[in-house]
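Here chain A shows up in two complexes: once beside chain B, once beside chain C.
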Partner chain A sequence: MKIVADTPSPLTALDRPNSYIGRAVPRPNLGRLTQGRAQFVSDVTLPRMAHVAYLRSPHAHARIVAIGKSKAEHAKGVIAVVTGADLAKVITPWVGVLSHLKGIKSAPQHAIAVERACWAGEAVCAVVARTRAEAEDACELIDVAYEELPAVTDPETALDPQTPVIHPELGDNLTFERTLDAGEVDKALASSDAVIETTFLFGRHTGVCNEPRAVVADWNAGEERLTVYHGTQAPHMMMNLFAKHLDLEEHQVRVVTRDVGGSFGIKVHTYADEMATVALSKLLRRPVKFVADRIESFVSDIHARDHRVHAKIGVKKDGTITAFVIDDLTGIGPYSVYPRTSGIEANQVVNLTGGPYACPNYRARARVVFQNKNVMCQYRAVGHPIATAVTEGLVDLAANAIAMDPLDIRRKNLYPDDAYPATAASGLRFEKLSHHASLEKIADMMDYKALRAEQERLRKRGIYRGIGFASFIEVTNPSAAFYGVGGARISSQDGATVRLDATGAVFIHSGVTEQGQGAEAVLAQCVASAFGVPIERVRVVTGDTDNVPYGGGTWASRAAGIGGEAAWQAGKALRQNVLAAAASILQAQADALDIVGGIVVDKGTTRERITLDEVARICYFRPDTLPPGFQAELMVTRHYVPRAWPFAFTNGIQASHLEVDTETGFITLLRHWCVEDCGTVINPQLVDEQIRGGIVQGLGAALFEHCLYDERGQMLNGNMADYLVPMAVEMPDMEVGHVVSPTADSELGAKGAGEAGTAGAPACVMNAINDALRPLGAKPLTEMPFTPGRVLAALGRV
Partner chain B sequence: MSRQLDIALTVNGERVSERVEPRLNLVDFLRDTLGLTGSHVGCEHGVCGACTVRVNGTIVRGCLMLAVQCDGARVETIEGVSDSGAIADLQEAFTRRNALQCGYCTPGMLLTAQELLARGGLPTREEIREHISGNYCRCTGYHAIVDAIEAVAQQRNGSKA
Partner chain C sequence: MKPAPFAYAKARSVEDALRLLREHGEGARLLAGGQSLIATLNMRLSSPAILIDLNEIAALSGIALRDGDVVIGAMTRHAEVQQSDIVASHAPLVAAAMPHVGHAAIRNRGTIGGSIAFADPAAELPACLLALGGRVEIAGATGTRMVAADDYFRGLYETAVGADEVLTAIRLPAATPASRFGFLEFPRRHGDYAMAGLAATARADGASLKDVRLAYFGVGMTPVRARKAEAALAGGDVEAAVTALVSDLDPPDDIQASGAVKRHLAGVLLRRVTAQMDARIESAHDGGKA
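Moving on to the complex of A and B:
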């Protein structure tokens, strides 16, 4: 029996009686999910609802000469056939730039391509019909005349003078460039005993959410309101964008987000086909539904990673790391994605590389270029897997060059646990991290010495096992520094409204959203603990812009740390208001009362004074019996945003143990460990499962996942049979441990945990593979995914 | 467009008669024609397992079988299996262990797990992993799912002893 014990965390400051903070409370929404009673967007049907299918460009770059619609218009079930030019009359294009990414540029992107298609998969025409099948049938009858244009596909040559410029009005194919030079890099390298230089390559991959992107848009001409049922992470952001580009006021738009079948950053962006669907609803004055099928998901969901990083590290014989140098190049497709831009991942690579280490000398350049492939943007752990793999790959190469144990070189260089607050060479500010405590804990959990001894024994029998580590830092709880300062209307603050209902139960309405990570459980825990009711009496409402406080939603590991703190504060405020009402009824002093287990008691005792349902009954139905001048306020709202620190950095370390079959190149993952420090652990089970799920997404990137393109910009494996994702049989058991360093920026002290697993897993797998193959003289593997073919090539066998 | 065909079958114990297009697959029939939206569509080419349902007692991919092939068949979906209480212990274990996050794969995962557990005995973790390796879960990393299935195998085995 491995079910997690319901044990409290080491937390004490939040130990109110019956506190749920630190407990593995089951999520309130699992009943509907396990019984097939959930409501995903793909389940939504409305009266008069039509379905849209998009005809997508087969060419990576082509001029649209003519679109023959008439055969499709007369096909069975067809309601409308709409081109980009038709739709541009109701929806304006957008440009994905942010003012704080200096110099970033992009071109206007239309909901449906107008005149030119810039990647294979961009929608060029829409068919709206009674059923999706009829819409797809009619798509086959559309006659598009294309004039193929040269496709820019290789980032390495995108900036060459002879390469065509995808958007001539921009002057070149450079989207964004950032450079950084801290300390004295050249001097540090010159003083090193060894300088190691290599190139890391990261395959383009994508989120493969189990539920594809889906939207049902319902423009009600009678009330001039647009309701959008949307599988999104950021309902208020989308409300703003729908209004802005459809010439509506924000209050005319309602975004409803119920169950979402996986998001991971995929569903936090503006997608042209989703914007087009909403515009079609307005154009046709009826509900329109779009659900991406799997094939179109592969060519239209954002891709990520696809970075080439030339990298260098200097080290002294005593293990001191002297400098990090990186040159990152990434191709992001033909448009910077709106509104978060496609410059953020490269920017994060610059920010995060070398981040765990107290090394003042750091030089970086990152260039982001346009190309005629599907767009790239932020996917889970944005930039972290790249920065961590580059950093940790270099550190292991350095350790090997001076014959030092990989844990010892980390012990020598990681920021000491008493060094905080600290500022990294890249300028990042750390409030409190615990790299050394985490490292010692993982070494103990995995019994490092015993594993090394076993490795040695097995090598003599021709069995090659490897052990790899990756220390990492993670950006969570972002303030306005992430997007708001760059001009995007993406809220960094979040709100919670709590209400005592007439029977003593509590409702919480929150601006964060549930994507499966357990945000609703965390909100319920915070409110139940702060207010003082059994958690079964808390009802959580999220994902409805008409009915929740304005907020940012769920991304960048913010829901627990920011949304949870707002809920905690709202719960406390409601307790004060309810105690004031109870004191008024009881003719007692409010500060001599408390709420425990749903009952008003004398503070510090369990002596019952009045039940909550009795307080509510009097306040709602017999307010005439309350003293004159007293007005009960049984609903309160509180907001929260981190102010002292732009981001709440977390840290951790992962370890991988694996075996490489040197005959076939196959890699078997044996075990995986992670110790991470997300501050206060509100729900240990949910944190552990975020870590485990994140690790496996990172393992997929390390071993399997790759969007393969040919030189003409055609994706070659855009289906789940050819694009490999991690399945149960290839994945290892994962042990998770914690160190707790709460942030002082909030009362709860919780930081995020959603990115940590994905941030570190690819790096430690890479290090473990190279550790396994080192005695065979293999060239270190630095190109992900680590396929059997690449392993055999490194061994010189193919 | 080819001629529509009449089919008669039982779905979750209810008799159903419908006229369908020959090309309509089983999961679209269940979801769109009958409103049984607990079975999900993930990949539409038999890889992800989100559409797993039972036909005549055996799990199948609802996207790889046509509705017309189910004429005369006995079809069970997550809704029916839930209402019968047949997998209540498995659902409880998934909930207690948080063996689901977004929940989109869960109906198919539960039906697949139930097939393994119905064979009796105590499958190893490797056997559990092998058995569910046709069901894609992007959220959990599978560890918690294996834990939950293993726990139910132990419970059911213990209760028989």
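Moving on to the complex of A and C:
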């Protein structure tokens, strides 16, 4: 894979002397990661620590008639065998609903199943032992008598009257439904020259993290305090939930999240087995460790996608898109996942479909239903890949129907770059996007005309190459509109505390977390630039609810845009405080001084006045020499939350160039481009890595990843041999370009970039495949993943 | 993903391994590279009472040219085979197949003997053995016997190697100037077991192919010879050979592909592998190296 040279972003307001904003500085955590000195939860060992293994239901739906634990209790090394009923004495169940998703409903979910198992993989009993191996051995000795119940697996029939209701007290299997009707859809369709209708299918898949989910819980009865070492994206959210369900006050809980081996949205949810582990520590009054193994990860890490979307588009001969209509159906397993709910993805599909286009007529319905499969919830780019594939798939079909070039139809319909602020048909509000600049840039980067000419030439030789595009928008920097307004105690604001140490170095404590994406680098860059020290003099502390400001963590592409802004503001504030101290030492005016490269200078010059370590020395050890009444404040905290806009939307466009072997149905990805606009680029290398990594996950969805289930609710490929993650050999070179439209909501102007790659990649691969096969009269492929078998079927070869 | 408890014994020699197998009976399992076995243990799909480790038996490793055969010791690692000059010159089919066996880390540990003994129906090496008409050397209580590849594969993961026996080597007839081979597979991702694959050998007779052996993998319970297609191909008719596959192969559905897709791919494989063999004949006639 070729890594294309990054160009620093043009910056204006942020170009303080020696600014690190816009520079590809290495991550401060590289050394510890590459030398094996990172601390993942999997590495944590505590005195008296026990290990838990969970016995999981082999049935998709079954009544638990009896659990015989005595053989297991007497097995070697076993400390306790605990059932759901036992554990319910120390932990309360939860219900994954939010008040702003009108009508969403779910049933109480227990840490360990009580009475009934609702998916194959749900934990029904825990064994705590000296080692994980002993715990697993004892699991085999537990006798569970199950009475199998009918499993509801197909979302299409989940709402039929003859289908059993999974939670009878809810009345039906409908979790959530949302409808939207904007503009005059019927009239618009009637006035169209062509109306194209099709169905898109998206496979269930999951985010396969390098480090599986892991938690070490330590209830200290002496202190009445719970410390949880947790591989999570949201330490404060988890602190709140542990307290709430274990009958503790929040201050009695500390969540420590050091290094996390990848998250992708998988680790931002409440997992029954992790809650159970924490409860077991309280019950047994000792540390308990749980690290999910790969097999149980596949049936207990949240799954995502799995949507069926009937969709329609109307278009006029001149290329004007007249209307979008979608009907989305998704099955989310037996429970809406807590606390973010499993209604958000479908909700996002409704919000985002048609989003790049200035088309006022839009009708949508989304239904979310229960089923007896593993739970589904938010995974990287929640809803975006679905909405983008539906929208962009329709746009290409429309272009084809009126024989228009796919770029031209986009030029005709994308929001003009001078149309902002704008409000979409779905109600989303856009501050400033750059669809057209992005489109022209990508056409240029890929040399579109030359690729089309090559395509023509090669077709004559029986070589079928395709070019596909996907314009997209991405939700980033969410305000309280995302979860807070729905009653969830999930912070949308984030804080940063910066402190000058006694030698002139700076510490930043931030509420956002490091998942391997490089958040620590961004925080260090913001502080170093705002305060004025070399980046080596900045130390970053994250992931400890006892020691960082209250914050949201890492999700919805918020860490850089929100956490970075808080760090920037805190760095600026500390500079003012330090300059006030320096001024009182130097008997100068604070506003005539500045800090550059770690030295207090006369503003606008590099003339040294005093070093930072000298300021620190005097303030900490000889405050007696400072003027009476002057108190140096060498630690400050600043918070930030977006207020002007509910979300900082970003935009971009991706393009895929691929070749289809029409005899075998194999697809070779030749090249991939992405131009995106995440506002201010704080660290071009990290942004490009995020884009590339995101694209790879999107390509996985398009070509490989699929959680296959049989009709009885058994997952058929829950292992790394059969569940195909995208691997390097199959990946194309990826070129990334940027257009920069900073958000005015923050001083930094940075929006998020974590999900753009995943949002657009599946759509443009789909369009490229259909572009390649069009001359062969193949029926357009709209069911992901695009396996060789599906390509062959579309070509009528099997 | 922790294995159930098991005992462990290190065999010092083949005789030692055979003695341990007899001593422990049913519950014993030989450990070679562990690349297939350890996964099944960790997933608790099998729980042998004792593992008998073959890794210290030096005599089981090595590659030699002997009596017109390429002899590869059971414990020879895939990586060693991949790098071997003897294999490259005298068993080029195996050399061509080797990069497709898993990934570098797996090839560093996995062994030829393990692969042939495990006999995964989608594995490359069992099909190469079959295509080459090689033989398998098996040591048991009563001494060592040779089993021809055509008699070796008995059923799904079932071979001629008895529960109390050790596979000690494979022997592959060394290539002659007239030997032709072809190899191609269609895995979803590079390094995966293939949805369908074909290892083929033939003898060039002028411009035509004789003694054609087509060993398909990933399409049945064992590597499968497509005998009617072989005959058709020897008659010079590729399309007739492709048609003959309908009765030669009856691939079951699996997680990556339906039987129908596998059957279709088998035809594509045959055309492309035949073209490989024909191309090698042409380049031989051009004075190039076959």
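Just so we're on the same page, the second predicted complex is superposed on the first by the 790 of 798 C-alpha atoms of A that agree within 3 Å, B and C clash if a C-alpha of one lies under 4 Å from a C-alpha of the other, contacts with A are read in each partner's own complex, and residues count from 1 in each chain.
To be clear about the criterion, contacts are C-beta pairs under 8 Å (C-beta built on N, C-alpha and C of every residue); 3 or more make two chains touch, one makes a residue touch a chain.
Since the model is a prediction, treat every value here as computed from it, not as a measurement.
Taking the superposition on A as described, I'd like to know which of chain B and chain C A:Arg294 touches: first, second, both or neither.
So A:Arg294 meets both chain B and chain C here.
In the superposed arrangement, does A:Leu708 touch chain B (first), chain C (second), both or neither?
second
Looking at A:Arg37 after the superposition, I want to know if it touches chain B, chain C, both of them or none. Which is it: first, second, both, neither?
So A:Arg37 only meets chain B here.
Under the stated touch criterion, which partner chain does A:Gly261 make contact with: chain B (first), chain C (second), both, or neither?
A:Gly261: touches chain B, not chain C.
Under the stated touch criterion, which partner chain does A:Ala133 make contact with: chain B (first), chain C (second), both, or neither?
both
Just checking: does A:Ala453 make contact with chain B only, chain C only, both, or neither of them? Give me first, second, both or neither.
So A:Ala453 meets neither chain B nor chain C here.
Looking at A:Met727 after the superposition, I want to know if it touches chain B, chain C, both of them or none. Which is it: first, second, both, neither?
both
Given the touch rule stated above, what does A:Asn210 touch, chain B (first), chain C (second), both, or neither?
In the superposed model, A:Asn210 contacts chain B only, not chain C.
Any idea whether chain B or chain C touches more of chain A?
B
By the touch definition above, which chain A residues appear in both interfaces, chain B in one complex and chain C in the other?
133, 137, 293-294, 719, 721, 726-727, 729-730
Per the contact definition, I'd like the list of chain C residues that touch chain A in the complex.
1-5, 43-44, 186, 188-193, 195, 255-258, 260-261, 264-265, 268
Can you check the complex and tell me which residues of chain A touch chain C?
132-133, 136-137, 140, 293-295, 663-666, 704, 708, 716-717, 719, 721-722, 724, 726-727, 729-730, 787-789, 792, 797-798
For a test of understanding, state which residues of chain A touch chain B in their complex under the given definition.
Spelled out, the residues of chain A in touch with chain B are 1-4, 24, 26-27, 30-40, 42-43, 76, 133, 137, 207-212, 259-264, 291, 293-294, 515-518, 685-686, 689, 692-697, 719-721, 725-731, 733-734, 757.
Spell out the part of chain B that touches chain A in their complex, as residue ranges.
1, 21, 23, 31, 36-45, 47-48, 50, 77-79, 82, 91, 93-98, 100-107, 110, 125, 128-130, 132-148, 150-151, 154
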